[in-house]
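If you scroll down you'll find the structure; I have some questions about it.
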Amino acid sequence: MSEARRDLLLDVRGLEIGFATEAGLARVLDGVNFRIARGEIAGLVGESGCGKTTLARAILGILPMNAARIRAGEIIFDGEDLLEKDPRTLEAELRGRRVTFVPQDPFSSFNPVFTIGAQIDELMKWKSPDAEPGTGLRHYGRARRRADRARVRELLGTVQLPDIDGILRKYPHEVSGGQRQRLMIAMALLPEPQLIIADEPTTALDVTIQAQILQLLRRLATDRGVSVLFTTHDLGTAYEICDHITVMYAGQEVETAPSDEFFARPRHPYTRSLLASLPSRDRGIHGIPGQIPGLVDPPGGCRFHPRCKNATAICAETRPGISDFGTGHTARCYHPVGHDREAAR
Amino acid sequence: METARYLLKKLLSDRTAALGAFLILLLILAAILAPVLATHPEDVTEFHPSERLQGPSAEHFFGTDRMGSDIYSRILYGARITIAIALIAIGVSVLIGVPIGLIAGYYRNWASEALMRVSDIFLSVPQIVLAIAIAQTLGPSLENVILALSATYWPFWARLVYAETRSALNETYVEASIALGARPWRVMMLHVLPNISSSVIVRTTIGMGGTILTAAALGFLGLGPPPPTPEWGRMIAESREFLPEAWWYATAPGLAIFLVVMGFNLLGDGLRDILDPRIRRSRDE
Amino acid sequence: MSADGPLLRLEAVKKYFAIRNAWKRQVGWLRALDDVSLDVARGEILGIVGESGCGKSTLGKTVMGIHAPTAGRIVFEGNDITHLKPYAARGLRRQLQYTYQDPGASLDPRWKIRRSLMEPLVIHTDLGRRERHARVREILDAVNLPESHLDLYPHEISGGQQRRVGLARILTLQPSLVMLDEPTSGLDVSVQATILNLFLDLKRRFDLTYVFISHDLSVVRMICDRVAVMYLGKVVELGETEAVFSSPRHPYTRSLLAAIPTIGEGRVTEDFWLEGEPPDPGNLPSGCRFRTRCHFAREACAGAVPPLVENRPNHADACLFSDEVVRDNA
């Protein structure tokens, strides 16, 4: 796993993004580090307002321009800093081609007045792997159209959609939520991207359908060697699918580790509390006291310190640096759980 | 009180809505202060044939009409007629239309269907034609104009409130209140009506403009209050034989109607933006 | 009124919605509830689980009188309430309350929290203003909300707080049975845990019985005494929570349990066998509704609709081959 990690596809370093609000500047991302290796499914886990969606959008370059300010940091994708690049080049070459998106709500991502087939055709005009970047309409020749159609059909078969011809003729409201999400995954795969950003892709689905979609995503990612950024609020879902997990809290990343290591030895007190608040028959119910902090005037130092059992004076003063526990496991905490004991031994 | 101040602030910060409010304020002031502002208050009933069809001057701001009366003064008094017609006709329409819409929307039975079909019949005839027919039958008078307008305008409110009530009944908080055991009357008056009131207010404001226009049209056709009542529509009708030489004769009442109707429409549009809770919430966040 | 009988009893309740085409002609029935029979004992927490479209919310709303049942009988505290409109049976309904899935939407956006909390008391009691205030304050304290929240509007408080307000609102009436419709959906896990603890605390404090309608099986497993699993309008399995979860007798229950992400156990990405999606509820297969997706299905399943039978003490299922399912579990 640590071998694969060295071959980084995406490396986000010290990213700071603020949103102008009436109450002042909200520090939605505050010095976030996040990495994805080639071919892995990297989970970004956190509760509402932790900044996981903002990070996903920043990588895609689709932050609301009027409100969001990128204050510091870099987003290095395949060796290039995306924040340095011309937005038009990003639009033409990167977004929807090398990086694609699977949204939480597949319904609102389709235009309700066109058939699904027409919308996929339109996508292929611009973003099929054969299309020259930035040309689109002008060069959509018959041969390419035929090749694209064959590719679409094959891929829809791969995502296990029944009756492909029927589905292409249908309107978005005529297919079920699970099928829409299969379509979104197929559409995200069509341009043969290097990275798929999946923002809570199974949150709106029933558990059995969620299981099917997770299974599908896992298989396709492995078969095609594509990396996936998978955001979720549910550690259980992250356990099911992710190779590597990063937990975020109030705009900062707090812990990162390979999945098995992460669940075997969680280090950060927030990760621990989050795991403990999952419903479990054996442990009873344990919430986390207090509230998620506001982002306009967040607590200083470690943002989790007001809710943390282990907090000491230093936690309120400066943000903890990165502690490395080996095998790719890092956390930002002055008092990582279980570490002192192991070190003493 | 808090909400009233909030609304006022929002209203004044919206330029077009503020203009609308200003025009309507002007109309109301003109009506109230007519005796003070008018240079020739007696001209509402008196005429001076010797001074007929004089152009605008320091003596007669908007000139004089075919009877030699001061047009400026007649327009000021005409504002009273306009306000009376609009307020009473709209008031009656609202008082008939809103309860019908509310009850028909709440109860889904044959009676509510019947009520709505009746209002559909009213709506299927062009308003002005129906108003002309009624005013024609009953004879030209201020009361009959108001009656004709009320009879033709209530279905608009019934329809609007019916549709809004239907959609309000799908709101979870209305259903929650019913599930709590609230009586229909309570649900209608305390949950449905307050929550649809903003659309009713907006519709009423814009409806004011429409009503004033129809009233002027009836006056123009000679179906309004008889002379010498200074009704704006009739004033335009009288001016026709003297056009284009006596250009001021038609211009002044025409402009008055135009500004007032525009005022109500602008204010209505502004109110729609301010009162729509969805827009309001997203602005606050 | 018999004290030892069930608090709430559903006897073969059906709720069908007409499916109409563009010309409002009826073209079929959507059988949202089909022959549902359930007892809710005093003091228990009965979980109703299933995926979207299984009829669990319709069940709650039918009991509440928001939907009129197509057939069957609903008996609450020994009284038949099948066809009573909510306001017609105020005295009875006062004992039977319902919390909405989206508590924010169940509060009038133009009313301050104070007024929303007072409303049930105004409807059901003759208490004076001061007594109402005292009662509201007491309940507010029970759900751990500060009094300052009384003067806020619903959109000014967080999702977890809205849920507390929703609960407080019905608790002012001192109900005996509360139907909780998806009470934890949309909450962050750390908040969810505190809300669940609150439910349990309030249950002890006010002697409540809960019907807990949820799609989240791990929550249901943790707090429910018994559980009913629904699939397309039918109860397919009913029993004590532990028995159902550890030894499911219906293939659908089994696949539902397998789909829950559980940390430390096998991953669904490696081993999940349920394929396809539920059939169109307006056009159901004959016989067992699950047979089109079921591994155990054979000819007999397409015949008569399998009834819910108590094949084990206190553990009923609606599968012709449940013994085989249990053998396969092992």
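Odds and ends about this structure:
Chains here go by letter, A, B and C, matching the order in which they are written, and residues are numbered from 1 within each.
As a convention for this text, a contact is a pair of C-beta atoms (placed from the backbone, for glycine too) under 8 Å apart; a residue touches a chain by one contact, two chains touch by 3 or more.
This structure is a prediction, so every number in the text was calculated from the model and none was measured.
Taking each chain's centre as the mean of its CA atoms, B is the chain most distant from chain A. Summarising the inter-chain contacts, the pair of chains with the most C-beta pairs in contact is A-C.
Averaged C-alpha coordinates give centres for chain B and chain C that are 51 Å from one another.
Chain centres here are Cα averages; for chain A and chain B they lie 55 Å apart. Computed centre separation for the pair chain A/chain C is 33 angstrom, with centres defined by C-alpha atoms. Taken together, the chain A residues at the contact with chain C in this complex read 47-48, 162, 176-179, 206-212, 214-215, 218-219, 233-237, 239-241, 263, 273-275, 277-281, 285-288, 291-292. By the touch rule above, chain C contacts chain A in their complex via residues 51-52, 158, 188-194, 196-197, 200, 215-219, 221-222, 255-256, 258-264, 267-269, 272, 274-277.
On the side of chain C, the complex with chain B involves touching residues 64-66, 86-87, 89-90, 93-94, 97-98, 100, 102, 105-110, 119-120, 123-124, 155, 169-170, 173.
Listing the residues of chain B that touch chain C in their complex gives 171-173, 175-184, 186, 191, 194-195, 277, 281.
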